[in-house]
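Input: one structure, supplied below.
By letter and in written order, the chains are A, B and C; residue numbering begins at 1 in each of them.
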Amino acid sequence: MKKIHALIAAIVLAASSAQAADVTLLNVSYDPTRELYKNVNAAFAAEWKAKTGDNVTINQSHNGSGSQARAVIDGLDADVVTLALAYDIDAIAQKAQLLPANWQKRLPDNSTPYTSTIVFLVRKGNPWKIKDWPDLVKPGIHVITPNPKTSGGARWAYLAAWAYAEKKPGGSKEAAQKFVHEIYAHVPVLDTGARGATTNFAQRGIGDVLLSWENEARLAVQEEPGKFDIVYPSNSILAEPPVSIVDKNVDRHRTRKVAEAYLQFLYSKKGQEIEAHNFYRPRDPAILAAHAKDFPKITLYTIDDVFGGWTKAQATHFADGGVFDQIYKPSK
Amino acid sequence: MRRPTDDSILTRGLLIAITIGFIGIFLLLPLLTVFTSALANGLQAALDALRDPDAISAIKLTLIVAAIAVPLNLVFGVCAAWLVSKYDFRGKSLLISLIDLPFSVSPVVSGLIYVLMFGLQGWLGPWLRDHDIRIIFALPGIVLATIFVTFPFIARELIPLMTDQGRDEEEAAVTLGASGLQTFLRVTLPNIKWALLYGVLLCNARAMGEFGAVSVVSGHIRGLTNTMPLHVEVLYNDYQYVGAFAVASLLALLALVTLTFKSLLEWRYADEIAATHRH
Amino acid sequence: MRSAAISSPFARLRNPSVLPGFGLTLGFTLFYLSAIVLIPLTALLLKPWTLGWSGFIAAITEPRVLAALKLSFGGAAIAAVVNAVFGLIVAWTLVRYRFPGKRLVDALVDLPFALPTAVAGIALSALYASNGWLGGPLSLLNIKIAFTPIGVIFALIFIGLPFVVRTLQPVIADMSAEAEEAAATLGATRFQTLRRVVLPALAPALVTGTGLAFARAVGEYGSVIFIAGNLPMKSEIAPLLIIIKLQQYDYEGAAAIGLVMLAASFVIILALNLFQSLLAARR
């Protein structure tokens, strides 16, 4: 009798482990990482197969960072989230308690395996001679940037402009507010997402300068060679797009192990190399040095230094009635 | 000779010119833009975009969604039209208005209501999660949103026609001993078949083309929950403009097939349709 | 023609017909309507009230919300009026005249029903952007359409047109020429005939079609979003503001705007249907 039980147990075990040999992960990410994760997923699947013999399929979902966070809060079954800013993952922790509040401390470097920054994309030959932030508010210039309320990249761009004006010699919070105000007076179209703004700039011929993620600008230049130039301002912001597993979901799917390995892979030599190839700045100093010509060194302020972290920046600048809303006060 | 009810050549020419100009600028040009953009890099590039695995899975998903949503709305449309046109009862205007309502609900709101119902923070979300049932960010949610958006299409097509036709014929049939079902199949259906078919065609075209509502409930998982219109957006945002317009062309072609089919019917069966209409 | 007895307001729900199936069809219609439309809409109906009455009022009277509602309703109204004028001409021409390409024009009228809104939006913005087929020549004349409120109106004209044309066409076709002939015989000019005889006969259908076009345009999102500039206070439509509120996890604020729009649409449609049944009863 016992033998039969053992046999059944063995079969069940075998069946379940045979099932586990095909794992599926869902990575919920923001818009500009499409190309990056296509490459990362292929490389990770190969490595995981070699290490464990299991087949891992990683499904991708891309959209604006904020709406992705909301989808996860509303029940989109993400195993890992890789979003544009920490605030969006904080929201998942706060509103849905799907991961602990201290999630950002669990992985190295604020849980951001790669960083980026905000640069200027201008038309070939830089006809308006745009060199640095003050040039954006010259008369007649049209600046393209998406709506900071809906786009993560636009929030980084807004904060980069603010940081420039506050930190420059003789700068202050008041000067920064005035400067940001002026920039948005030069914005003719506020798209909802970074990709929409890039399309308006590149395809529709709207505007003279696009405030863009560094990786987006590089991609645009690569996609349409000879049409655009990239301008690095004297300083910008250190954009940290963080990653995390979604604890409640991976525990329910029993995918914690592979999800953690997936995020670890982003920090590995191989992962960092792929990120550098997709124009994200790798954290690994050796790999960053190897790609130094791709990533010009400019002063990068961090959000903690200038704004005291995301929660504070969000409340001051982007919440309803915040500084950004005051720009669009009815003009009476 | 000119009849007194004819308009002068001048008026006639002017009105025809306005009609063609207006339709040309507002309807034809946008349509042509879609096709020319799709073929910007030649036919092969457009066809390649349609052969991509993500495109194929989007096409499949769209077909499945339409295959569920349209028959359900068909049954409902016939049922509601029968109810509204064959009986008098209180609150009929209210009922018709409620049936019409999804026409004018913002697609964004149509998606939102299902999130509020079935989302993890919504009424039924936690219970559904405990029982491992997925509604939003999966097929059922997409189907629900599609049904909502196309809800009035068939009923709307049938109600005015069946109201106009009255109920004398049906009442005669029933008095002569026919069952309800026989009456419907033998008397009503032949009278409404063209309107019904047209309603189905429109409902189907809209079901396949819905963007806003589906976008809110889809979750955007590539190869799994992206329908064709969402795939258009994905490609458009991936710098694959030709691909985006290629898939868009497929949807536009669907619209054109629908319209051609409808025109053919009207042309081929003009007398019959006129007969049922003026009944 | 139609044996529509005007039921007294206090009459009970009743089945005066010999036709079977009243219970079945009523039951199924109400069930399906509730399951798909009414119960989910209740979720929207109840959501904003967690803010309380004053919170709700505050949410919808914010200047930015008011500006967006004004644009959505105002833009839809202008588009509906444009569609009323041109839709009338199109419908009249298609019914009364013969000309080459008539069948094509007739078929094209339904295009906005069938073409996905996102595709329409992308096509319109490609067409009217300053490097587009129409935007280019227009920008030489210093006229900007894409990314301005005019762009919003253009997109709304696109989606609303078939409602007017398709409502008018059968009425024009059914209209007998006798009254027109009589008026002409009595010495009325063609213009007088059109104004005094034809237009009044078409008025109900025109009102209905325009109303439907308006109700549809108020909530439109997919085709507008690509061509509107989306600037707060200027070219930001109400459905976009709903999305923006959602992005900030402000479900109540989003639902409040949604509720206002829903209520407005419902009132318009209900008024149109009451108007119709009133006319039918009087006939």
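What we mean here is this: contacts are C-beta pairs under 8 Å (C-beta built on N, C-alpha and C of every residue); 3 or more make two chains touch, one makes a residue touch a chain.
This structure is a prediction, so every number in the text was calculated from the model and none was measured.
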| item | value |
| --- | --- |
| Chain contact graph, described as a line, ring, star, complete graph or other shape | complete |
| Top chain pair, ranked by how many C-beta pairs fall in contact | B-C |
| Separation of chain B from chain C, taking each centre as the mean of its C-alpha atoms, in whole Å | 16 |
| Geometric centre distance via CA averages, chain B-chain A, whole Å | 38 |
| Chain A and chain C, separation of their C-alpha mean positions in angstrom | 40 |
| Overlap residues in chain B, where contacts from two or more other chains coincide | 121-122, 236 |
| Junction residues of chain C - those touching two or more other chains | 126, 132, 243, 246 |
| Residue list for chain A, restricted to those that touch at least two other chains | 73, 95, 203 |
| Partner chain C, residues of chain B touching it in the complex | 3-5, 7-8, 11-12, 15-16, 18-20, 22-23, 25-31, 33-34, 37, 72, 75-76, 79-80, 82-83, 86-109, 112-114, 116-117, 121-123, 144, 147-148, 151, 163-164, 166-167, 170-171, 174-175, 179-180, 183-184, 202, 205-206, 208-212, 228-229, 232-233, 236, 244-245, 248, 251-252, 254-255, 258-260, 262-263, 267, 277-278 |
| In the complex with chain A, residue positions of chain C that touch it | 62-64, 67, 125-126, 129-132, 146-147, 225, 229-233, 236, 240, 243-244, 246-250, 253 |
| Chain A partner contacts - residues on chain B that touch it in the complex | 115, 118-122, 125, 129, 134, 136-137, 219-224, 234, 236-239, 241 |
| Chain A residues touching chain C - in the complex, by the definition given at the top | 64, 66-67, 70, 73, 91, 95, 147, 149-150, 187-192, 200, 203-206, 318-320, 325, 328-330 |
| Parts of chain C lying in touch with chain B, wherever the complex brings them together | 1-5, 7, 9, 11-22, 24-26, 28-29, 32-33, 36-41, 43-44, 47, 86, 89-90, 92-94, 96-97, 99, 101, 103, 105-120, 122-124, 126-127, 132-134, 154, 157-158, 161, 170, 174, 177, 180-181, 184-185, 190, 193, 212, 215-216, 218-222, 238-239, 242-243, 246, 251, 254-255, 258, 261-262, 265-266, 268-270, 273-274, 276-277, 280 |
